[in-house]
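Naming follows writing order (A, B, C, D, E, F, G, H, I and J), and every chain is counted from residue 1.
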Amino acid sequence: MLIGISPILSPELLNALYRMGHGDEIVLADAHFPGESFNENVIRADGLKIAALLEGICPLFALDEYVDNPLAMMAAVPGDELDPSVENGYLAAIRQTWPETRPSERIERFAFYERAKKAYAVVMTGETAKYGNIILKKGVTPVSQ
Amino acid sequence: MLIGISPILSPELLNALYRMGHGDEIVLADAHFPGESFNENVIRADGLKIAALLEGICPLFALDEYVDNPLAMMAAVPGDELDPSVENGYLAAIRQTWPETRPSERIERFAFYERAKKAYAVVMTGETAKYGNIILKKGVTPVSQ
Amino acid sequence: MLIGISPILSPELLNALYRMGHGDEIVLADAHFPGESFNENVIRADGLKIAALLEGICPLFALDEYVDNPLAMMAAVPGDELDPSVENGYLAAIRQTWPETRPSERIERFAFYERAKKAYAVVMTGETAKYGNIILKKGVTPVSQ
Amino acid sequence: MLIGISPILSPELLNALYRMGHGDEIVLADAHFPGESFNENVIRADGLKIAALLEGICPLFALDEYVDNPLAMMAAVPGDELDPSVENGYLAAIRQTWPETRPSERIERFAFYERAKKAYAVVMTGETAKYGNIILKKGVTPVSQ
Amino acid sequence: MLIGISPILSPELLNALYRMGHGDEIVLADAHFPGESFNENVIRADGLKIAALLEGICPLFALDEYVDNPLAMMAAVPGDELDPSVENGYLAAIRQTWPETRPSERIERFAFYERAKKAYAVVMTGETAKYGNIILKKGVTPVSQ
Amino acid sequence: MLIGISPILSPELLNALYRMGHGDEIVLADAHFPGESFNENVIRADGLKIAALLEGICPLFALDEYVDNPLAMMAAVPGDELDPSVENGYLAAIRQTWPETRPSERIERFAFYERAKKAYAVVMTGETAKYGNIILKKGVTPVSQ
Amino acid sequence: MLIGISPILSPELLNALYRMGHGDEIVLADAHFPGESFNENVIRADGLKIAALLEGICPLFALDEYVDNPLAMMAAVPGDELDPSVENGYLAAIRQTWPETRPSERIERFAFYERAKKAYAVVMTGETAKYGNIILKKGVTPVSQ
Amino acid sequence: MLIGISPILSPELLNALYRMGHGDEIVLADAHFPGESFNENVIRADGLKIAALLEGICPLFALDEYVDNPLAMMAAVPGDELDPSVENGYLAAIRQTWPETRPSERIERFAFYERAKKAYAVVMTGETAKYGNIILKKGVTPVSQ
Amino acid sequence: MLIGISPILSPELLNALYRMGHGDEIVLADAHFPGESFNENVIRADGLKIAALLEGICPLFALDEYVDNPLAMMAAVPGDELDPSVENGYLAAIRQTWPETRPSERIERFAFYERAKKAYAVVMTGETAKYGNIILKKGVTPVSQ
Amino acid sequence: MLIGISPILSPELLNALYRMGHGDEIVLADAHFPGESFNENVIRADGLKIAALLEGICPLFALDEYVDNPLAMMAAVPGDELDPSVENGYLAAIRQTWPETRPSERIERFAFYERAKKAYAVVMTGETAKYGNIILKKGVTPVSQ
């Protein structure tokens, strides 16, 4: 544990967040996501909800302001419907740090998979909400030293 | 995820629990415990409380009935006092599966450290309660096949 | 060993089943299958019959309900004939857990090989029945926590 | 698979049996044995009974004739009783190849543990009979080439 | 050493032969063959002649009966001539176990290299006869258990 | 980089600080220290001064309040003299976060070496001040979540 | 430390500089650069400014005189402006050793990324100046022995 | 050291020469050559001149007689001139063992690079002569046993 | 293969012989020897007789002339008898290179085991003669360069 | 290659020299020394003479001035005589950089071996002079930056 760093973050996750650079992406994946098939850099966060992880991550992590949207979630498959409370919960967690954050971009399922394959890491969480996966794109960390 | 296995367990923790044999011990350590200095087999469970982990572990894990007590916790250092709610919370979680479980043995701090060094694994949890570390000794798994 | 998990499963197989996500596939291969040439993730289950493994796997493992058929076996090569008792034995084992399971899809030999190459893992069993290989596609594990 | 080698043997077990020399010992351990704590060279044979493994091993494996007894099993803990059918089943399997084999030496539990620590390998089987662990000492393989 | 397995086989070679499945190929290469450049799975058998290795391998190893020819050797380069005693020696060794074996298929040098690249393993022997390399394709091991 | 974490810390150093538990020690060693001979866990911080590192470390790192002194530096060898500005610089850096910090304990050279051998990690810095090595003992991280 | 080698260089960086040959390139990247995504050979130099590193590197490192320009920096994205003091600072550091060095070539952002992917190594520095990344191409080291 | 093997050869170089087969190539590269970028199998021979290495290698190493020329060196870049003493020195060293050796083939720079990428190994020597790199193609080792 | 080096030597054995220094010992062990239990550096030479290996090794390998005897073999266990032809065969092979070699020292079985544990390497041969193990102590390689 | 660093040093040797701290020792061993048996950190410098290596090392490497003698060589075994030209050659090489260097301490053979075991590294050189091994103890590198 360290002061000011949420102990919800494993050392492996903290390490990944720290090493990521501007433009790198990280996937917070639900417990059903086939993350080990999509990416060699899988970080386990079993038992933890994505909203709780976002609360731990966001105070450390600048979202990318140079792209249209630093957040991406899966669009509903035709015929399926999204439960808006999932994204709302995520946004509430993110907005504790970044109050101006706009709703996530929604991308088609296979486009989402392609980004998961190229991501810096995939975090396997304990989230079980449907359409609960989310991608964060890292921005330029403000320098205050 | 698998049916009937609490998703709070990481694959690494499930693997350790499965490979442990009769008499092997596992330490569920609080977030301050110097686990990486005591044991080469450290399993991270950051962000998770010990009571919640015990709820996930116990339905799978037989406690040793051949020893006086399959549970061990640290005794309070002289002058210090234990908060009984910590152990009570653990026992409540354990007794959901094993209702007859008696209160934990209390062992002196350095004796606890010695057992941590010889344990099969140390699980680094997100627990922050004082005197919150607990050792479980594995029993003979009932065969019902 | 753990309570409620068939001890027929090796720790490596349990680990693979646990890490697999929705849509991932696993091949239970007969003892003649050139599994080590097709997939880097080979799990040995020498001496064990596939029906027995299916009995151990299915209580833990949800089959994919979002595809036409979560099971795939090899179609007979032209001029060859299938022994129906092989699949029947597998279905009997699966239906102990999933009574509604329909007969397996049959795919051409080289199409089967292609799926084996992309599978999450190939399990080398002790099965010696002809046309005995079977692919399972993992579904969404029901959450009952 | 190879002709004349029982497919019950995994490649890892075959490899260990082949590399062992005169006087080396191998433990066939029951499913509760804490083998991973006693020996770095653990070979998994989950789901397989020891008698069946002995049937597969013995045609390949000469028992040591230079010691009083090439077999060792645990003596019953005082107050406990042995089920003679366990050893009888093992001897029946061994005597298919080596009909002259005498009953196993019985050694005290902690002496057994010490030999397990020094053994060439420990095989974790699916055996669940009580007092079912057995040690085989390798002899001089007859040369018939 | 194990009873009934020729001690000419190294543990690495025995392991490869055992893990190979139906249709997998192994190259027995002469001492000049650039095996380490063609295949990542090189097994050393320095000092041993190919005929002697074939005598050790064949009693364990079923040749593929589903293809036109389970043996392949290099055809002579135009202008060069084959010494028939090389193949004859190999066939004599093979026919001790498999008396019906027909002479080897002869394939062009670069086609041979391509098969060596895709083979399960290349065995670097001490053979020095010209055009002495041979490929064996594994068949379905007869089950007699 | 992450918000609120001094970018002077390498990912390896951040990782070590995070994994350390209550009572674990870390050595910030000068550029001449034979750290690679004393400890297997060496973290490079070439080119960086210890005072600067302390400024980066202390806001994250609780010093141990359960021991007489969480800081240890080498005592001067007889006949040698300490330059007080070295420790003063370190204390100034530490006191930016922990204003109550008392001067460091001074221990004999070989006692210092013994502690370096048992430390969680040794950080090789670019410090060149004489008698500039310092040991920090980690305390109980305050939980404010 | 070694005489005549700036202690600002880590052993990993010194090693890379030494092993590089004529025409190999190394990227000194700012703290925001996604270096770990672009190159497998990442060397950490956290907390160090690029100008300081250049002062340490250049006395050891010959720049390539066979190409138009051994230095490359990113051109400003359209609409953005370069702060000339960044390159000026780098050139001042380089010219302490190589006074004739001309200003850096400026290449488009994605062309820069492509060269980073093919570089011998990427050094992650503590530089935070905008458009601060620089590529050095190694020349023929003068032989004076 | 071994009798009859020049001690100028490192064990790694001897090992590579021994494992190479007919047609494999090895590059003896000058000290400026970017060998680590071209080939994963780099063998260091720092401080040693190529002529001296050739004197050590040739008594062990048959050059390929089945190709037009078993030696390849880089042709001069247009406008540049070769110093004939470099090749002459190499030929003198080679001809101590193989007096009939003809002058080396000269190939264009990028063709040379392509062959270096496919070579069995690249040896980084201490040679500093210009245009000093040379490729040797291994022949059929004469068998005199 | 290399000229003048017997192709009976595997690259691993040649490498060990080359790296050994004055006073290092190597064990040529018979096929029954429990070499893998005695030494971490085991080199396989399956199928090869010790006399043949000695013929290949001795022309390269100087025996130690600074000790009473550079050869050691096991003394017969009381009641057992040695077959003199075994050592005679070894001496004949050795004396092809070193005609003055005296008969081997004979040491007690457990003393032999202790030396095997400290040896540089143990070579597992295909020798099956009783009391066939032999230890060679390396001498000072004559320098003739 | 780097400017000012003798190309006689391999990257591995440069790396070891750089990482060594005050008081660490390095052995420059002759070609007969059993270095691989004494130390896990062996650096090959085949073909290079120790005097030449000392010429390359000394300009970078401060000898320890805090001990009686930073150099140690083996004393002659009783009855043997030292050739003074060996040490003289070493001293000449060292004194090019450190003209005040006194003759080496001479220590008994087994004491030398003990220091070799504890040394930071052993460099296997091509030196063949008798009693040619030498130990260097690293001092405090002068800081001139």
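Quick note on the criterion: contacts are C-beta pairs under 8 Å (C-beta built on N, C-alpha and C of every residue); 3 or more make two chains touch, one makes a residue touch a chain.
For clarity, every value in this text was computed on a predicted model and none was experimentally measured.
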{"item": "Winner on C-beta contact pairs when H-I is weighed against A-G", "value": "H-I"}
{"item": "Chain whose average C-alpha position is farthest from chain A's own", "value": "I"}
{"item": "Interface sides of chain G and chain J: same vs different residues, half threshold", "value": "same"}
{"item": "Approximate Å spacing (C-alpha centroids) for the pair chain H, chain J", "value": "31"}
{"item": "Inter-chain centre distance, chain A versus chain E - centres from mean C-alpha coordinates, in Å", "value": "53"}
{"item": "Junction residues of chain F - those touching two or more other chains", "value": "1, 6-8, 11, 19, 31-32, 128, 141, 143"}
{"item": "Chain pairs that touch, as defined at the top of this document", "value": "A-B, A-C, A-F, A-G, B-C, B-D, B-F, C-D, C-E, D-E, D-I, E-H, E-I, F-G, F-J, G-H, G-J, H-I, H-J, I-J"}
{"item": "Chain H residues within the chain G interface of the complex", "value": "31-37, 128"}
{"item": "Parts of chain F lying in touch with chain G, wherever the complex brings them together", "value": "1, 6-13, 31-32, 44-48, 52, 56, 126, 128"}
{"item": "Residues of chain J that touch chain G when the two form their complex", "value": "1-8, 11, 14-15, 17-19, 59-62, 141-143, 145"}
{"item": "In the complex with chain A, residue positions of chain C that touch it", "value": "19-24, 120, 140-141, 143"}
